[in-house]
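In the part that follows, the structures are each spelled out as structure tokens.
Both complexes below contain chain A, partnered by chain B and then by chain C.
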Partner chain A sequence: MASKLDINVHHVTRVEGHGNIVVRASDGRVERVEWQVPEAPRFFEAMVRGRSYEDIQTIVSRICGICSVTHSFAAIKAIEDAMGLQVSEQVDKIRMLLHYSEQLESHALHVGYLVAPDLLGQKSVVPLVASHPDVVKTVIKLHRTGNQWMEDLGGRMTHPITIKPGGLSKLPTEAYLRELKATLTGIVPDLKTLASVVLSLAGKLPAFERPTEYVGLVQPGHYSFYHGDIGTTDGKPLPVGQFEAAVNEYVSPQSTAKWCKWHRDAYMVGALARYNLNADNLHPLAKETAKLFNLKKGCTNPYMNSVAQVIESVQVVEDSLLIIDDLLTRGIKPETLKVTPREGEGAGAVEAPRGILFHRYSFDKKGNCVKANCCIPTNQNHANIQKDFEALVPQIMDRGQDEVRLLMEMLVRAYDPCISCSTHYLNVDFV
Partner chain B sequence: MKQVVVIGLGNPLMSDEGIGVRVVQALEAEGVHSRADFVDAGTSGMNALHAMAGRAKAILVDCAKMRAEPGTLRRFGPDQVVSRKELPGFSLHEGDLLNTIELSRRIGECPAEVVIFGIEPARVEMGESLSPALASRLGEYVEAVKAEI
Partner chain C sequence: MTKPRVAIFDFACCEGCQLQIVNMEEEILDLLTLVQPVEWREAMSDQSEEYDIAIVEGSITRPQDEEKLKTIRSRAKILVALGACATMGGVNKLKNNFEMDEVRSCVYGKDGTMPHLNTMPTKALDEVVKVDLKIHGCPINNKEFAYIVKCLATGKQPVIPSYPVCVECKQRGNVCRYEYNEVCLGPVTRAGCNAICPSAGSWCFGCRGYVDDPNVQAAREVMEHYGKTMDDLKSRLLLFGSKQEQTNG
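Let's look at the complex of A and B:
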């Protein structure tokens, strides 16, 4: 069937540029398929130069409203690497607990606000309140739990203030940890509800396969979000200190953003990548959830990223419960925070909800930053989205303009790119 | 939980974009308020949903493009404006505060009274300081919010 497509989804992102989908096809032949994206907010790299190591986290946590904890930890780990700081096992575990709050918060929002409306045939989550109130209620409860958990441990609802080089400015009490344990135990049924809703709709996720390379943190015996080396499905892991050799940033003519590639022309980061690298290390309930979806390690359908997020939501809650038990068994011990700055350079990596995030900093003798570099997951996924588009469009082009457009938008949503988060403002007309 | 919440939104690393957060920081610096909680919600608009829940009144302070003179402060309700934002819904990173308020209403936890203070920016670009047009009026914005509490 001869097909003609003319799609231009124009995304106005104010200061950073555009995130567009462009497709031209006629007579059954694809002439142009492009994922056009802006440079992600690298402004902070200039902003942190000359600033004290003590101020870096405060600044970088504002890069992104959704991933403020993740940016904080990537920075703090890089600073600690540069200055040779070791944190206690206790601090390490509490930080992981805080890190998990952001994973739960973001995954619940992503599945509930971006993916569910597609699968339920709605344009946004707002009309879902009338058509599927229980789904919305569950999603909001999970998001709210993550939000409160983040505020309790991070000292603020977003943009945390307790994360400091060398430790934490405030430790949770044992009473609080017992409360958190009860809260997290209490949301397990909600996670099961979310999984069953997504499972009932999973048949609507497009059956599209494209083998690619998957990259994420790996730590033997763990489903890692916080520690480990840079793992890949295509080769041997690399230490975080060599992340530039994994991301291989380059300039694509269709984008002002830098793109990334490692062993192939593109790679994917995020929940599906983590799953493909670490699924063997899931906890029992997460494993059971994966079984429900029959999600196999090695899945090459990018739309299944959302299913992997559901499984990970269960995983982070299970792992958090184990961490809390461990902390309570040992008892919370007071710690003093004392850091002497030194000259050096260091790198840090953690898993953001949407994929591995790298920061690198250099400091002078006084601990002032002289150089900064950040490689965000969204930039690492751009080339992979483009390659997905190139493979997908010829397969679906006879389905008509509207369906092709929707399937392409759904694909972008599956990755949840960070393309406009550094600003927020209202843009209104008075009526 | 206090009956009134003042929520500042925006990014203080993007000069005037962060005016909402600056106003909340100024209010926090004056100490604990007997009737209102102050929340720095940053650029994550969805957090406003939780901060508003169950309150009698929410006061939202945000940078707003209103086709007005830079520095202009306007007080309005969510039903007095329509959004000009074009959001394809690609990402959680695109926020529209008006959508968040609508969601809050539909799930039945929106405060009876929602007041938005929009402040027209002079510049939205990398920078940690406010433009002179807004910096010179910060005290006025803070007083307007205090009077609203």
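Let's look at the complex of A and C:
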């Protein structure tokens, strides 16, 4: 039977932000496959000009609700780089601890609320409450734990308050850290439950392979989310200060959206990229979880990004427990926050749950921003999603319109895209 | 009694306010006993053109979004603005301090003249259509959200605080941020957040907008007492769009 496809998904659901899928195929030939992003652009890099270094984090955190902690840290690291500020080891560790809360919260939300309905044949998480109450209960517990942890250290769920240039506006007490240690130890069985549920459904993840370049933070001996250089599976790492040479933003001839490429025509960022770069440095329980799934370093199936997120959820909890022990051994020492602004330029990079994020700012001598540049993970993934589509559709086109549509939507969701983030400067107009 | 049908939409925003709804976890199920969600792109695959209550996050930055909002308004009996972007433009209003052509070329360089990158000065929802109710904050407080939805579903008028953040801040026993030599917007900002920022060691950013009839004279005296200028205050008032107009509800 000659395959004919006419798919026009106007706004993929259960993703953060607006994205469209367009496929045209007839007589077994793919005529058009496009991943499009119609989100309203917001021009953050223009808006922050003239604002004080004290207010930058507050503004750019609003680039994205679901990655607000990561945006805050990318900004703060860039500001501290520009002004030559060093933070104490204590602040550095507490920040990493806060950063991990967002990884757990976001991964639980993505795997549990956004991806699981596809694997269980539902349109949202709501019907799962009745059909799979234990699964939903586990996901809620993990999601809530991540959120509460974020609120306790950041002052609020979403758009953290405590992250300030030069330090933190509020330090946790040792009593709180002991409490957090007990909470995180307590959710290890829930993480195992989540892993076994995803494992039981992993057979429904399409077996699709397409080798590409994987990019993420690398720091020798660590599975890094917060420190390090820009690593790639295709070459040598680059210092964060040179991130523009890694992302190479360009305008695609077939789309008006800006895309990124480094050594090939596209690259992938996110959990699978981090895994492919850093899997050797996982902690024991995370390694054990990876074994369950038989996920090998060098995996080229983008649908496995959700599995890598499950493994990372275990990793961040294990690493957090080590950080807490270290902080408690040294004891929390009071610090005062005092910064004298100066003229300068700096860059910062951290891993958002959905991939590496870069910020760069320049400041005048009063500490007011004169120039900004942000390069967002989902933006870096757009070209790779497009290339996956081009490879995937010919392989599956005889499966009928509905299944092709579902598999393409699942692919977009697997990337955990955060489209609000990426559209501070990209937009395609559609009718 | 049939449950009111609720649809959630978003325009230019970070979707952080919808995230606060997701963050309610199983408490959402309580709300589902009162209302019937018919469209919520971030969480469900269903879409609908029929609804009683429209909850709209984000601000309006493009002509086509202005038209879409008018359509939503025409279909909904009640339109609720969700969060600072919707209630007063939010951080998106920072763009209005620049010329639009300049904003486009700043971000896109020579590509900035392409027609699809057109942008207009940011508008809060009530600059385009009638808004029946505002849920303040950046992000919103999900307890307040639940309270307001329950009121709407049962036909009650929600009570939103009309006193400044300083009241809640004092109740929490915080040391005034001005004592730390900071410029805090607590004196002119609508309460209801339980002074969340000062309680986390920071100044108030004014994300809930002006309190009704802000006491500008008192704010002026606070500024003078601590050696600050009204320009310091105005600069910070710009962040969430408060400077453009005083909100009244």
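By definition in this document, the second predicted complex is superposed on the first by the 402 of 431 C-alpha atoms of A that agree within 3 Å, B and C clash if a C-alpha of one lies under 4 Å from a C-alpha of the other, contacts with A are read in each partner's own complex, and residues count from 1 in each chain.
Quick note on the criterion: contacts are C-beta pairs under 8 Å (C-beta built on N, C-alpha and C of every residue); 3 or more make two chains touch, one makes a residue touch a chain.
Everything numeric here is computed off the predicted structure, so don't read it as measured data.
A.B. asks: For A:P189, is the partner it touches chain B (first), chain C (second), both, or none of the two (neither)?
C.D. replies: neither
A.B. asks: Under the stated touch criterion, which partner chain does A:G400 make contact with: chain B (first), chain C (second), both, or neither?
C.D. replies: Neither: A:G400 stays clear of chain B and chain C.
A.B. asks: Regarding the shared-chain residue A:R156, is it in contact with chain B (first), chain C (second), both, or neither?
C.D. replies: In the superposition, A:R156 touches chain B and chain C alike.
A.B. asks: Using the touch definition from the top, say if A:D55 reaches chain B (first), chain C (second), both or neither.
C.D. replies: It touches chain C, and chain B stays clear.
A.B. asks: Is A:G298 contacted by the first partner chain B, the second partner chain C, both or neither?
C.D. replies: In the superposition, A:G298 contacts neither chain B nor chain C.
A.B. asks: In the superposed arrangement, which partner chain does A:P239 touch: chain B (first), chain C (second), both, or neither?
C.D. replies: After superposition on chain A, A:P239 lies in contact with neither partner.
A.B. asks: Once the shared chain is lined up, is A:S169 touching chain B (first), chain C (second), both, or neither of them?
C.D. replies: It touches chain C, and chain B stays clear.
A.B. asks: Kindly classify A:G121 by the partners it touches after superposition: chain B alone (first), chain C alone (second), both, or neither?
C.D. replies: Neither: A:G121 stays clear of chain B and chain C.
A.B. asks: Where does A:V412 make contact in the superposed view: on chain B (first), on chain C (second), on both, or on neither?
C.D. replies: After superposing on A, A:V412 lies in contact with chain B but is clear of chain C.
A.B. asks: Just which bits of chain A does chain B share with chain C as contact spots?
C.D. replies: Dual-contact residues (chain A): 11, 13-15, 43, 46-47, 59, 62-66, 68, 109, 113, 117, 123-126, 129, 140, 143-144, 147, 156-159, 420-421, 424-425, 427-429.
A.B. asks: Mind listing the chain B positions that touch chain A in their complex?
C.D. replies: 9-14, 17, 39-47, 49-51, 53, 62-67, 76, 79-99, 102-103, 106-107, 116, 118, 121, 124-126, 128
A.B. asks: Considering only the defined contacts, which chain A positions touch chain B in the complex?
C.D. replies: So the residues of chain A touching chain B come out as 9-15, 19, 43-44, 46-47, 59, 62-66, 68, 106, 109-110, 113-114, 117, 123-126, 129-130, 136-137, 140, 143-144, 147-148, 156-159, 409, 412-413, 416-431.
A.B. asks: Report the residues of chain A in contact with chain C in the complex, numbered from low to high.
C.D. replies: 11, 13-18, 40-43, 45-52, 55, 58-59, 62-66, 68, 109, 113, 117, 123-126, 129, 140, 143-144, 147, 154-159, 161-162, 164, 168-170, 251, 256, 420-421, 424-425, 427-429
A.B. asks: Give every residue of chain C touching chain A within the complex, in rising order.
C.D. replies: Where chain C meets chain A, its residues are 11-20, 22-23, 25-26, 29, 32, 41-47, 58, 61-62, 65, 90-92, 94-95, 97-98, 102-104, 106-108, 111, 114-117, 119, 138-139, 196-197, 199-202, 205, 235-236, 239.
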